[in-house]
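There are structures below to look over.
Both complexes below contain subunit A, partnered by subunit B and then by subunit C.
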Partner chain A sequence: MSDHTLPHHQHESGYPPVDSKAIDASVRLPVIILFGNAIHWLVVAALLSLVVSIKLIAPGFLGGISFLNYGRLAPMARDLMLYGWASQAALGAGVWLMARLCGQPLGGGDGQGIGGMLLRTLIISATVLWNLAVLLGTLAIFAGYSTGVEWLEYPGWASAMLLLSFLLIGIWAVLLFDRRSTGRAEVAQWYLVAAFCWFPWVYGTANLLLVWKPIQASAQGPIQSWYCGSLLALWLLPVALASAYALLPRLLGNHLNRRHLATLGFWMLLLLGGWNGMDRLIGGPVPAWMTSAGVVAGVLFLIPLFMISINLLGMVRKRAIVAGSISCRFLLMGLYALITVGVIGAIASLPDVSGAVRFTAFTEAKTQLWILGAISLPLFGLLYESLPQLLGRDCWSPVLSGRHYILTLVGLGMLVTLMLLGGLFTGLALADPTVSFLNITSYSYPFHVMECVAQLLLLIAALILGANITIALAGDYLLNKKTGK
Partner chain B sequence: MNHDHHNNQHENGSEETSRPLSPWLVGAFMLALCWGGFYLAFNSGGFRQDVYESNAVNWAGGGVAAAAPVDPKVVGKRLYNQNCVVCHQASGMGVAGQFPPLVGSEYVLAEGNMGDNHLVMLVLNGLQGHFMVKGQAYNNAMVPWKQLSDEQIADILTYIRSDWGNNAPPITPDFVAQIRKETASATDSYTQEQLMAMPAMKPAASQGSAPAKK
Partner chain C sequence: MHRLPTLLSGIFLVFLTSWLGLVAYPSLQLGRLTPVADADNGGSLPPTYGGQAIAGQRIYATEGCISCHSQQVRQTSITTSDVDRGWGVRPSVARDYLRDSTAFLGSRRLGQDLSNVGVRRPDAKWHFIHLYHPSAVCEGSLMPCFSDLFLVRKIQGQKSDDALNLTGEDAPKDGYEVIPTADAKNLVAYLLSLRHDYPLPEAPVKKNGAAK
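Our next item is the complex of A and B:
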């Protein structure tokens, strides 16, 4: 269709005409360390999620040990997924994309000067700090020192470490943007700048008002809901979308048309993202306008999602290209997951529906699809594309990559479908006064059993990814040894 | 402005051919936005911090769904405790020789020569001099309560007619308003003689009001 169609695997020509090798070399180590740690936490989080879901069918499993009870393992798993995996992978993705899209090696010059070295050291130190915070925060929950605030369970000192670490990394991404040599900003760069500015604000505010210096209880619910909505829609999702906006045109060898649509989608996403979580409070002790605004935002959120999807999916012309690129497939699946979660979210935010399904697995299905689908899948896509470029060679095992892709999709699809259906049944049964609670638990039992299977598939998928990247990096190490680097 | 090379064309140049969106899609977006506006307008409780029921108040502050009617006796009791209890006491028994009782009082229950209008009049404009209640003589003054609204006076009177074993029909705010209008020219508190000179307006229904026998 287009004369500009680039042959696959010639991504280089799509990037700004700068020395992408030098840029990759300048960010290689920090980004690989971020990715490596992220995947390691993904495996741990998947394992904990499996244990948590087993506890739903066999409450006695690992029972009797206080630090292995559901109330501690569930937030540990969720926080590891959010901060250990998704946020860390997003940081890595952000740094790499920003450096590439801005045409700037880290630290200026060719990236190998003293400035570049200092910056790399700083970012690596910050990464160590980040992982230390995640580790200590997780152990604190394990030991019973959770704050009890959903998604902010890490004690105040751990969240302060996380915030500091983020600032130390994020500021370079924003400074890179300031010094870009590529002229007009790409769509992906808008999203990255927004995300890197948004996380410190959202995370800092939420921690300040809920953990460090808690304000009056009546205001805590809305702030917490705002935080949950914002963390997903204004930090993690923008990075996932930046990956798609940056990589899809190059992978598909096509152009992004309708930039005005991208602009509109971007601003509407920012406008509605923060309000998106408020529908969690329907019927709660908050002023009516807050929940109503949440309902409206939940439904209108579909508009930017459709705009973004039309934008990105409009580039798909040749199925063969999609089929041939694991990265491309992950990115597109992420988009489909995003649209699905948008539709589910819009339906679930309507007060009548919400009243029936809110306190069931339905809500959890939405969250899982957000984190594991709309956010993680594009991040996987970016990972599969970036690592070969960073290492300068084809490092992935195609077999393992394919298995990872299939298992992730099957596991996620199964998990979300089961939770949606199970939640719906539970919700309807709960609303029926003639059904006893014990009966409802037995209705949902088969769903929980199958959810365990889904979680097991996801754990295997995470392990395969872990093996894949270990082989990739070990291969690099062996290669370096051989060439005497 | 930019020191980029030819390749940048790919990023910033030809690709942004703007194809218009399908009008159906634009229409759907507009419809969704309109829905959002209407939904907020009718479910935001007027954006008030003290409204928790989403459909209790519309955005203009007016009631969309009717608020549950208030019980005049509950409001009346509160007003009674704020305004009347000092003299007539929480028991409604007054103080012997000084303040007449409300329990079984012919003034309150509109018995004998007394009517609803007399009760409202004396509350609105006050009472002074020598007067008889339940066969006891009193010589004191009750201050006018004109400053209270029709609604408040009606609530208080409805309350004192229903508590402590009193059982007389309620007084409506409209009736208070009517009497207030009729007696607007009165400048001084009434005496019993002045009150009695006016024809009694009896309660519309259920004449058989009787104080409880204890």
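Our next item is the complex of A and C:
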């Protein structure tokens, strides 16, 4: 599997050769802990998402118990997807890629010195803190302490823990960029530095103004939308793209051509990413120029997405290579999902379309495709490539990996298609005021039933991934025990 | 872009654009909106919430009502359906949220918009029954029962004035009554106070609309 180890220099000379084994050894434990926890939250989030979708066809399911109501379970599922799974997997990906691309073992030297040990302890402690915050925040929503701010439902103390934990990991990752021993920076590194700088800024600002010391509510709408858009487009997406930029050239055995396209795509993504959430406010209680900005940003956002995708997809030459690598397939599917989400977003931000489909499942479909597609698929790709390198052996069961891939794609495709169609029908029906709201609710019933099936597939996919990584890690443990390591 | 300071300053500057437009501007402008005088009764608009309604906002937040209910009537230039459906006589504007602790704008409407639920449904008794068992008053509703906001207790002496007037399957056993808890009363007080049918300078109400 790994004759193409990271990093792989064609253009640098005069730099010391990078010992990727030493780097992997130095980050192995923290990265595996981050990935392991991320996957277990993914399973919990998928389970909760299934329960939530069942509640839409049988409102009485698990009913009458306040802490199992839709209003509590839905934000729990969403936040676990965002912070438990995606952000944590992105942290793991960021640490591994940063160390590899900068050619630096943790703490310098061979990574086994006192500095390396301290940094490892620091990152692992921060990871424990992160997971504690996710757990306690989730339980707080469950117990009725939600803030009621979308995507920021965790109480203020839990979000402060998340931010602190992130800073402990993120500062190291950004500083490492300056100490790299690999010369010219790769595109993936720009994305990583940007992502690691943004999360604290975005998350800190949003929590400060909406949770810790809420600003007058008349100003909260734009800040909420800015947060939702930025969290996806400026923190999670850049890490997903960094994974693609770092791994695809190696996996495909090809160079990244048209570096200027990559540069332009990078800066445009950054510029528009923050405005990308404004389609959530089209027609809303904000100044008219913000609505216009939302429409413009939604459409313009397609440009960097196309540039980046063309840039990356341009490396695909031989189909056989793609077919043979699960990691490669996940990364490419992630790019297709990204283009799709861009097109859907552009269409949905046209005023007439937005007027009809905003507040329906259509918007939710876009969010799901963002999180489960454009962001999660590349992260899966990175996971499948990194773990064998970290463990030093081919650890995945090909059967389970294949099943995970198929079920994820089928489940996601089904979920998004149903929600788009369901949202479109609802939107058209809503435009006619003679059709009662309850009547419209009954139209969406068949869609909700099929969405449950899609969520079930996604849950099975998550469970298969969970089983796969458990077998891989348990196998590693037994192997080490046998060889007496 | 190979040196950290160069890269960081680029990232910072680019990022600043959306931060200035969507965080700093709203904080400085929308965050400083003030109430306007109410010509009819000498009060101010939007009206302040009562103590119960303020407590009810917390319940609205913790129960996650925002997962299914929005609180915004969109501009008629984007869609007329919100106004046509009777969800409000005029589009919502930023000043409407002045008295709220959190702006519950919402992003999905699995249920109806609530910006003017107090105008549409002014009866507290209806809300209590609706919260206790939504389908009892709205056949086919997706809303879950919030029966945890109510107490079933033995009638002592006379039946309480607060007791819900439940019929059919929902009716409690003989000699028992269902009464709302303080949380339920606060939540309903909040829902009843959701009325944005007054005119604001930036959002006038048409005469015929106001009569609704």
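Note that the second predicted complex is superposed on the first by the 468 of 485 C-alpha atoms of A that agree within 3 Å, B and C clash if a C-alpha of one lies under 4 Å from a C-alpha of the other, contacts with A are read in each partner's own complex, and residues count from 1 in each chain.
To be clear about the criterion, contacts are C-beta pairs under 8 Å (C-beta built on N, C-alpha and C of every residue); 3 or more make two chains touch, one makes a residue touch a chain.
Everything numeric in this text was worked out from a predicted model, so none of it was measured.
Do subunit B and subunit C fit side by side on subunit A after the overlay, or clash?
Taken together on subunit A, subunit C would fit alongside subunit B, as the superposition shows.
Scan A:Leu302 for contacts with subunit B and subunit C and give back first, second, both or neither.
In the superposition, A:Leu302 touches subunit B alone.
After lining up the shared chain so the two structures overlap, which partner does A:Ala293 touch, if you call subunit B first and subunit C second: first, second, both or neither?
A:Ala293 contacts both subunit B and subunit C.
Just to be sure I read the superposition right, which of the two partners does A:Gly273 touch: subunit B = first, subunit C = second, or both, or neither?
After superposing on A, A:Gly273 lies in contact with subunit C but is clear of subunit B.
Between the C-alpha centres of subunit B and subunit C, what angle is subtended at subunit A's, in steps of 10°?
40
Does subunit B (first) or subunit C (second) touch A:Ser87, or do both, or does neither?
Touch partners of A:Ser87: none, neither subunit B nor subunit C.
Which chain makes contact with more of the residues of subunit A, subunit B or else subunit C?
Of subunit B and subunit C, C contacts more residues of subunit A.
With the two structures laid over each other on chain A, which partner does A:Pro249 touch: subunit B (first), subunit C (second), both, or neither?
first
Of the partners subunit B and subunit C, which touch A:Thr127 in the superposed model: first, second, both, neither?
A:Thr127 sits against neither subunit B nor subunit C.
Check the residue A:Val149 against both partner chains and state whether it touches subunit B (first), subunit C (second), both, or neither.
Second partner only.
Where does A:Arg184 make contact in the superposed view: on subunit B (first), on subunit C (second), on both, or on neither?
After superposition on chain A, A:Arg184 lies in contact with both partners, subunit B and subunit C.
Just to be sure I read the superposition right, which of the two partners does A:Pro285 touch: subunit B = first, subunit C = second, or both, or neither?
Both partners, subunit B and subunit C.
Quick one: smallest Cα-Cα gap between subunit B and subunit C in the superposed arrangement, Å?
7
Across the two complexes, what residues of subunit A are contacted by subunit B and by subunit C?
Common to the two interfaces on subunit A: residues 183-184, 285-288, 291, 293, 351.
Across the complex, what residues on subunit A touch subunit B?
4, 13-17, 103, 181-184, 186, 249, 255-261, 285-289, 291-293, 295-296, 299-300, 302-303, 306, 310, 351
Any idea which subunit B residues touch subunit A in the complex?
1-8, 10-12, 14-19, 21, 25, 29, 32-33, 35-36, 39-40, 43-56
State the interface residues of subunit A toward subunit C in the complex, per the touch definition above.
So the residues of subunit A touching subunit C come out as 55-56, 59-60, 63-66, 69-72, 74-75, 141, 144-150, 153, 174, 177-178, 183-185, 190, 193-194, 197-198, 201, 205, 209-210, 214-226, 230, 234, 263, 267, 270-271, 273-275, 278, 280-288, 290-291, 293, 351, 354-356, 358-361, 363-364, 430-431, 433, 437-438, 441-442.
Can you name the residues of subunit C that touch subunit A in the complex?
Against subunit A, the touching part of subunit C is residues 1-4, 7-8, 10-12, 14-15, 17-19, 21-23, 25-27, 29-33, 60-68, 70, 72, 74-75, 77-79, 81, 84-86, 91-110, 112, 134-135, 138-149.
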